[in-house]
Amino acid sequence: MAKDTRDTETGLGSPLRRKLLMGLAGVPALAMMPRGAFAAPPTSAVNTTGLAVTDTEVTVGILHSATGTMAISETGSIQAEKLAIEQINAAGGVLGRKIKIIQEDGASDWPTFAEKAKKLLVNDKCASVMGCWTSASRKAALPVFEQYNGLLYYPTFYEGLEQSKNVIYTGQEATQQILESLNWVAKEKGAKSFFMIGSDYIWPRTSNKIARKHIENVLKTKVVGEEYFPLGHTQFNSVINKLKLTKPDVIFTDVVGGSNVAFYKQLKAAGIDLSKQTLLTISVTEDEIDGIGGENIAGAYSCMKYFQSLKNPNNEKFVPAFKKMWGEKTVIGDVTQAAYLGPFLWKMAVEKAGSFDVDKVVAASPGLEFKEAPEGYVKIHPNHHLWSKTRVARAKTDGQFEVVYESPELIEPNPFPKGYQ
Amino acid sequence: MTNPVQTLSKSLTVNDNPFMKPVEWLSLLLLAGVILVVLPLALDAFRLNLVGKYLTYAFVALGLVICWGYAGILSLGQGVFFGLGGYCMAMYLKLEASSVENTKIQSTPGIPDFMDWNQITALPWFWTPFKSLPLTLLLVIAVPVAFAFIISVAMFKRRVGGTYFAIITQAIAAILTILIVGQQGFTGGINGITDLRTLNGWDIRTDHAKFILYFVNGGLLIGCILLAQYVKKSKLGRILVAMRDKEDRVRFSGYSVAGFKVFAFCLAAAFAAIGGAMFTLQVGFMSPSFVGIVPSIEMVIYAAVGGRLSLFGAVWGTLLVNFAKTSFSESFPDLWLFGLGALFIAVVLAFPNGLAGIWREHIEPRLTRRAKSLRPPEPIAVPRGVPHGAPAE
Amino acid sequence: MFGDYSIGDLSSIFVMQGFAGLILFSVYVLMALGLAIIFGQMGVINMAHGEFMILGAYVTYLCSSFFQSHLPSLFPIYFFVAMGLAFLASGAMGMLVEWGLIRHLYKRPLDTLLATWGLSLILQQAYRSIFGPREVGVELPSWMMGSVQVTDTIEVQINGLFVMGVTIVITLGVAALIFYSRFGQQIRAVMSNRTMAGAVGIDTERVDRLTFGLGCGIAGIAGSAFTMIGSTGPTSGQLYIVDTFLIVVFGGAASLLGTIASAFSISQTQSTLEFFLSGSMAKVLTLLAVVAILMLRPQGLFTLKVRR
Amino acid sequence: MNASILPAALTGAEPAPAPQQDFLLAVEGLTVSFDGFKAVNDVSFYVDPDEIRVIIGPNGAGKTTVLDLICGRTKASAGSIKYKGQELTKLSESAIVQAGVGRKFQTPSIYDDLTVFENLEISFPRGRSVFGALTFKRDAEVRDRIEEIASLIFLKDRLRERAEFLSHGQKQWLEIGMLLIQDPELLMLDEPVAGMSVGERIKTAELLNQIIKGRSVLVIEHDMKFVEDIAHRVTVLHQGKVLSEGSMERVQSDPRVIEVYLGH
């Protein structure tokens, strides 16, 4: 696979330099690991850049929308991050220090994200920040993290086309999520024609672009339609007629928010039976099914890296812990799980680096392996995204998914995919 | 309301229509003092930048005082002009940040990153003027004003007024948002235009730059207040009030009513555009979330809270609502929307003249009573009362 | 784009596309009817109209859960009960709002806009606190799902037919109420000359309250019907507000017939454009056309030329 | 235009009929219909310079509509209105005013939120463009003229008050003052004494008698005493048509007029 050589100017520089950094990072990590387990090292040694670290505490920020339209989606991430931090604290904290949370509300307003990010970095001196959900909020906050050399763990699956020294992306970028599932549907269902329907903004458009290139250039099949609707659109009868006219083998959707609900209800009402018509979506997790209603979407295939129903020992511990903390009725979607990874990945990087200093933590991150992830084994790539598996699962009427396919290997993250732009 | 009957024995011989009355000079001094002296001394760089952001909304509120308070034209689309001004500025900054060497990893270096992601290989024609700073500064005002001119000429010549105008401007805000989000190759889509760095080589991201921009912003705001005050005090200001009252009478006094409405609307658009450009400079990006219906209506409430007839009130109202929003939403996020909603209702039901009304009806009379022995009361020349919306035609 | 398809396919699609346009038309009429009464007849700009609709939707949601757990045998017909309750709930809420808020503002139409916007924020937060921030799923009885097979290739959605039926019933009901009943006569009297109506013994305050309640109640029914095709969440109401106002204004605010004609022309334009263009551009072009026509003909499609 | 408001007295009470091109106002075949209802139907009449013409007629006869048509508030369906040879039906309202036609509305139409002074100032015929209004200076000429008008309309000592607080009669005077300050050549008054107290009515008659000199005036009035006092000629409208026209005596003796109007 093509190695990424397209780091941004703030990124990790040449491959040579990257190797150097990784090498450097490895040395102290080896030396520090055992010490971290026994006693807390002195603060002066682990914090040379004035972060909010005391002998007993280290401050970490959480920056999501607790209010506004995005609160719906971001609540799960906040819950997962809090759970992870509680678990870390219960196990002794990070370098012998308990994590103290400062939570800020981005209020679904992008400048607020930039403001609060600045507050968390400049006023509160947070050692790291778990946060952001939409691309827009990340784009707004990113310059702040780069300017003040902060560290952001970003949980959402997103369109890629970005890589920053100051961000660890714990969700999948578009190629990871899409390519493998397209291969699966082509092979398993013999799909020859695709119809793509998305909400009109950057993530669906970029994702569909990648999907189209793959469908046309790699699978050598065809796209018979590509449609976008404004966010919040609720009338899909015309496009459903187009589906009936073009009769695609696969409907590929990335519709989001309230539109999602309307789309599946109308699809079902129009007599398109998802047990016969293959529908592949990259925008529906367990969270979304709550609002859509399981009976409206049952039979659709969703591709994500994580589903609540995943059967592995890690997940069988994670799901009950999550429900114990946040209630029996809560559901856990892909992003929630990705958010849960953030604090652990940070803890491991800090302990490997033996320091809270952002530069050292960043340097220690590539190559880190996290074997206790609910999704299974993940590994941080030098481009700051995660190696992860992709899974395809079928929605059931009870709102859960049944995993029908899992990529055999971890898929390499490739935020700037050659040939897909 | 009772007003002491004034005789004109003396007043016609002195200047009875000064540019600003002593009270207004004091208000201006107070506002300038707070914005330019007190806040910069009292707040750290982070909070000051926040105030700077709030003050950019005050430009919009100021325009609404002229356009809504004085001329009776309620626009629910001021976000359009704020956004256009902001986008014009952002386009210049983005081009500067997208120099060939900064973007050499792209397939087409030298164009903004989001264009490259959307397979655009050459700069679209309407971006080219924004390579030049002087041209940009001109367009920041000219584009929104031209747009406002087209809308308002079309509507006011045909006597669309009142509620209809409000609803149509709202629809325009909705259309523009969908367009900006949909045409992401040209506009940056829903993420907006982000990662802006330098203005003509000067790094706007540093604390020092933000400090200077804050003062530029404050200075511009005071300048706009003075300009608005000039308009308000001129005969044109009185014609606007007269039009709001009895449009036909003004028309049959030989005025082209539409022309004056167009002027008021364009002036408000120009103010909003300046605010938008300063917003981009201080916050470092521009996105369609400032163009739509919700921000547009919120900006109306700033003016309403301050007092729809008071220029200074508009600024205070903006600051107050935003401070409340920031602090309230931090401590009681769930209650914030209740609070904001209640604020809308309270302002409309109980305090239709906002902060300025409370000041004039409850505080000023007491002060005047005390000062009465010292000097005779001011002649009443400022319109009071809530404008009744022009009837829909 | 039609080269690859048979004539039969195409004609079925055109039939179904026409039907899709009719569903959209019904949806628009339902949305706009309540507002046409409130805005067109009373001159109140009710920005919380969408929230009244969502109240109806939440009532439907509660009903569906209640019937499911307590009266499963009656579940197939719960929807009719839910629509009745939605009407009552939204109507009662509307009368409460009229009493507490709107009646103080009849002389200041633009201020009703601000006040009801505030109200909509409060209602949204209330829904969020009560029902949670996520959309809720409203389960439908099975007979309302699926479609009727008209011919081999033509299918017609049952819930679409249902929405059309509801729209026809409500529209006829409203027309009968306004044009043939005593109450309708009083409404028209009050709206055309409040003082005179008061002088001849009509309780104008009561008429105002009931009219506002009626408009909101219809919004509630619309919201209830929309649970079949759309989402039910705290902010779902906002999705409808711009479209709704444009329909009413485009039709010429004071005319119910105008509202229906405008809903028809806008829905057909949008539905047709959506078929030939992408959804986003169809929406933009439709809105632009409406705004442009309103600029040329500000009084809307249907208005009487009267002496001023 | 800044002629004195009290020009030389009229040369004769009954001006000789002038050739057609010298009419100040020539209304010919004027028709307007509202959804098929012809509110004004083929109305023609001619007003001479310095003539005082009163239009009378029962309610709904179309009197106010005729004034609306002349001043451009309503657009004619057919017919022409020539003012000093210039076609008015094509002009905008403001252009008609600027040509020298002033109009007073039936109910007092003044600006409640402004002072009496400002009300008059707005009507001062200078600075009527947007730019002109921005740069308008309240100089001595403006002040003197406003004071002059104010004393004429009995409001000299109330200039600083908000117009809202005037009595109904005073508001009527103020509106008349607002017209006078423009010094129109054709003054149109719609029921100037309606709704006034007896005292105000006498004062208003006195005021009107002063100001109507030296210009053409078109008045709608019901008060027959008042009409007799001022009218040079009377036009009777009935159901949108001209029923009768001529001197007061002639009209009063016209059997058709007695039938539809005076007979009531």
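Here the chain labels run A, B, C and D in written order, and each chain numbers its own residues starting at 1.
Definition applied: a residue touches a chain if its C-beta (ideal position, glycine included) is under 8 Å from a C-beta of that chain, and two chains touch if they have at least 3 such contacts.
Since we're looking at a predicted model, the values are computed, not measured.
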item: By mean Cα position, the chain sitting nearest the middle; value: B
item: Centroid-based (C-alpha) most distant chain relative to chain B; value: D
item: Interchain centroid distance [CA atoms averaged], chain B/chain D, Å; value: 42
item: Distance from chain C to chain B - Cα centre to Cα centre, in angstrom; value: 34
item: Computed distance of Cα centres, chain C from chain A, in Å; value: 39
item: Gap in Å, rounded to a whole number, between the CA centres of chain D and chain A; value: 76
item: Sequence positions of chain A contacting 2 or more other chains; value: 200, 228, 230
item: Where chain C touches two or more other chains, by residue; value: 128, 280, 283
item: Residues of chain D touching at least two other chains; value: 73
item: Contact set on chain B toward chain A in their complex; value: 44-46, 49-50, 53, 102, 105, 107, 113-114, 116-119, 178, 181-182, 184, 189-192, 194-196, 205, 283-285, 287, 289, 329-330, 333-334, 336-337
item: Residues on chain C engaged by chain A in the complex (per definition of touch); value: 5, 9-10, 13, 16-17, 19-20, 23-24, 27, 128, 133-139, 145-147, 155, 157-160, 226, 228-233, 235-236, 238-239, 270-271, 274-275, 278-280, 282-283
item: Of chain A, residues touching chain C in the complex; value: 69, 71-72, 75, 200, 226-230, 232-235, 237-242, 244-245, 258-262, 265-266, 268-271, 287, 290-296
item: Partner chain B, residues of chain D touching it in the complex; value: 71, 73, 92-94, 97-98, 102-103, 105, 109-115, 117-119, 121-123, 125, 127-130, 133-136, 138, 143, 147, 156-162, 164-165, 175, 178, 182
item: Parts of chain B lying in touch with chain C, wherever the complex brings them together; value: 74, 76, 154-155, 158-160, 162-164, 166-168, 170-172, 174-175, 178-179, 181-182, 293, 297, 300-301, 304, 334, 337-338, 340-345, 347-349, 352, 386, 388-389, 392-393
